[in-house]
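Per-chain residue numbering starts at 1, and chain names A, B, C and D are given in the order in which the chains are listed.
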């Protein structure tokens, strides 16, 4: 758990990060907006926002921190939390907890490991988690949206139906994965139903402030800071943080842990959430991506955050 | 960084862990001693020791904590520290920082990634690190032994020549790996020379107390606590801790981070070192291994340590 | 091309094969009926039939040679012939001509080779061939049934709708494959449409006599022996024979060529068609399968045929 | 078995092929000489030779058909014949008979199949065959040279020590393979010994005439045509022909069978041997290679041979 003792001037920190990162963003040639989902390809890449929500209730922000964006794979974190909330440890009977090595291997690994995905943060694993939600909730997407609203204390957030449809139409890889998992008996609902919900999850829109607030309960041992509601027990919350560190940023998790040293989860919409255990929830957003699928400017911003604050977990 | 504020009664903690773990060890059917190295197969599995060396200089120990054992893959950590000390960041041009996914993939990954091993804690990566040492030191094994002596403040420790020979004779898989890496130009010295040194590194013998002391500089931001010598800069020391967390325990790194939540490095001799950042170096040893190659009782002991102390990094 | 000179007493040959194989079939413990398609699992395994149709118009048969059975993957051969008939050499722009190595690799290979299946006789390849038929014919299954009727000179043959439905309901692996291929742009029609036709193709029912007659045009350099209609040019017909030899019997093609030495195509319904170039079309059927998916008794029967007749192509 | 009836004017055929292929060879930009073995890289690519030795003892030749060249992987065929001669069917307990799919997979396949190489014509398989020879003969290279002398009826042929050394020095991939196989217990002699012999086998030098004569016994059901000595029984000889067809031309075996339709074995020295069952042994040579490792002009020449003569096996 990170130090809670001394007071940190986060606003000053965010301003310094913003100054440093702005030229990188505005150059326009660092990274590329995700193009495989037509609707996402239209997003203006020259945007940057960042927010920190401390456990004592303060919100610090900079840039476009209130602009909603497509959370994409960050939804995998919330879907997992909701599934853990509902199913507890039995989740791990259907999905593993190990880094996946490389995207190249995902289907081989599924074959070798009999349809049990490596972890809940790769697409295969998130499809199984979505299937769990589909077995418990009439509408998994409604359940997840409501869960996110509660976590972010924002009743207006929702998924963007246009983005969801755009993603659904180009979902052949995910459909391949889902059918493959189903052939092993590890998908209980229909592939179409699971894909529909999965694409809606990815299309949820939240701002940096929403997301920093939404993940702060993980920095607070599973308890929502402002309401005191215990959503996950202490041990589960810590363990999900560990999982974010080892598996949260696609195939760059090792490098990300090495450079940033905070549990994090990224999405191809350009958002990255991170937690400073015992201290704060963090979110950064900038749409242009590194080759690994993580936000280019976002990664730099988080690396600066831990360097300047000394607040990595190591 | 973990909390340093309150005083922890580590001796009481170790005694409680010892009581809990002793029946597991003595049952004799939990895990198996590594058998592929003939000399190691002779070790009595019914042994257990644990030591904690705090940054303020106290040593706590329990069980066979002073018995020297074969450190095996823990040597990969020391070899990497020595290489970083000599080569700095250029190490990462020849070896990656990502989890490897699964042993099954190691050779495929090498092929796909043109002979650059995934990380320095898998055999392929350690062979490249050994090659770096062989290019800089007349005798890499002497250099590493001396480095370990300094870290452990124990001038008597050495490698066991019999174990090294036993390992060298059955090193066909490592030889395959080394030749494969060499075919990509990422091994500069002769395969025989590298394998000889590598096997001697693995055969270094240290006790739990030696090892807990030896890794304490990593918990202390790169500075040896008792001498004040800065072996690695703050950032490098933290980053190596991150690497231990994501890659330090073979293919179980994700699960280990999930359960234990401390940077750690294990060896098939049954030892596991771990660090509590800002607080202490830790080592546990028990020769019988889980299927993943990590000490069976050792993993349980470390999980108990973080559960009872609340001192995981998350 | 095989010898045509001397007269062969095929009826005597078939009788000898039947005598030898009957105890193997009746033992009931040599091989297993395919169980993954529920309807096929109901077939009585204690059946055996064989037929030879020579180019000069004679039909020789033994056992249940007139019993219709599910041709399954033998349909891949007819689908390919029909596609070659329609598209010519351009077929090879979308599907390869190399053995696939192992089923284990099929999805990896598809990824590595950008969605171009290894050959038209593995499922992935047959799905692409079916897609070609779907682009040219209003109803690909009707087109293929009519093509088989013409080849077998039997206007009554058709697919079994119950088997097709049974197969379609358990088609998750093929659906995974089809979506994966579509994600690379190598499937032009909808996955559902292609899978529907594919399952109907597999469910076509023909007898040994039908099938031996149907493949005899391939033994006759592409010309239907009794009508003189040239369906494929000489070179194409020979080349398809080569493809049958290298890729026609799943992952056992090497072993099958080694043991039998005739171009052949097998199906999990227990049928195997083979051709003796310049001499005859052959079909054998017995539902119990080897682990490789080829008919257990059928493989033995074909091996006897070439041993007794001396008529392998080598 | 191919037709033996009508007389073929092979000299005229070779002349026509030579005329057609000469501009392809002299263009100098069709294919590349193998460069990974330094000594071989020095060979002049603008060479072409071809020879046909019929079973009735006639020799037809064109171009540089008497120039000795490095037979390279064609030695795998002779090594296998010699091993079959000595060990019989037990050879297949240590090496398989299936096409290997792709070079990319070779090490994965070895791992998956516990160190049993796919077939004797990939490097891994040839290393195991060489190991068999090393267990039976004091000097496997002497034994193989003598076997080739007998087959070619040429007592002067030998391996080129300079090429063997050149190949041995760059043999890291083969060393990786050999150690890997040894780790599974499927290599009984020392890796160094096996590699030494293997490199000498590859460095054997023979001309097109030598090679066409040397393989003619395989076209003659295992019996040396001019001496009547039965080296392999009829069945074994035919089966080796089948193996050549399915596995003899690296990863292009399917395509080669498709285009040429003759059992063949190629080498990176630019040679390809082929057999017309019941008729003749054939050899073509031109050093520039296709990407698949087969002679560029040689493949065209063989395709012309079967097209013009109608003598494919299909």
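One rule holds for everything that comes next: contacts are C-beta pairs under 8 Å (C-beta built on N, C-alpha and C of every residue); 3 or more make two chains touch, one makes a residue touch a chain.
Nothing here was measured: the structure is a model prediction, and the numbers come from that model.
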Identity of the chain that, by mean CA position, is farthest from chain C: B
Chain centre separation (chain B, chain C; CA means) in Å: 56
Distance between chain centroids, defined by C-alpha means - chain C, chain D (Å): 32
Whole-Å gap between the CA centroids of chain B and chain D: 49
Junction residues of chain C - those touching two or more other chains: 104
Topology of the chain contact graph, where touching chains are joined (line, ring, star, complete, other): ring
Chain A residues touching chain B - in the complex, by the definition given at the top: 1-5, 96-102, 104-105, 109, 112, 118-119, 235, 238-239, 241-243, 245-247, 251-255, 257-259, 261, 263, 277, 307, 310-314
For the chain A and chain C complex, residues of the former touching the latter: 104, 107-108, 111, 172-173, 175-180, 182-183, 191
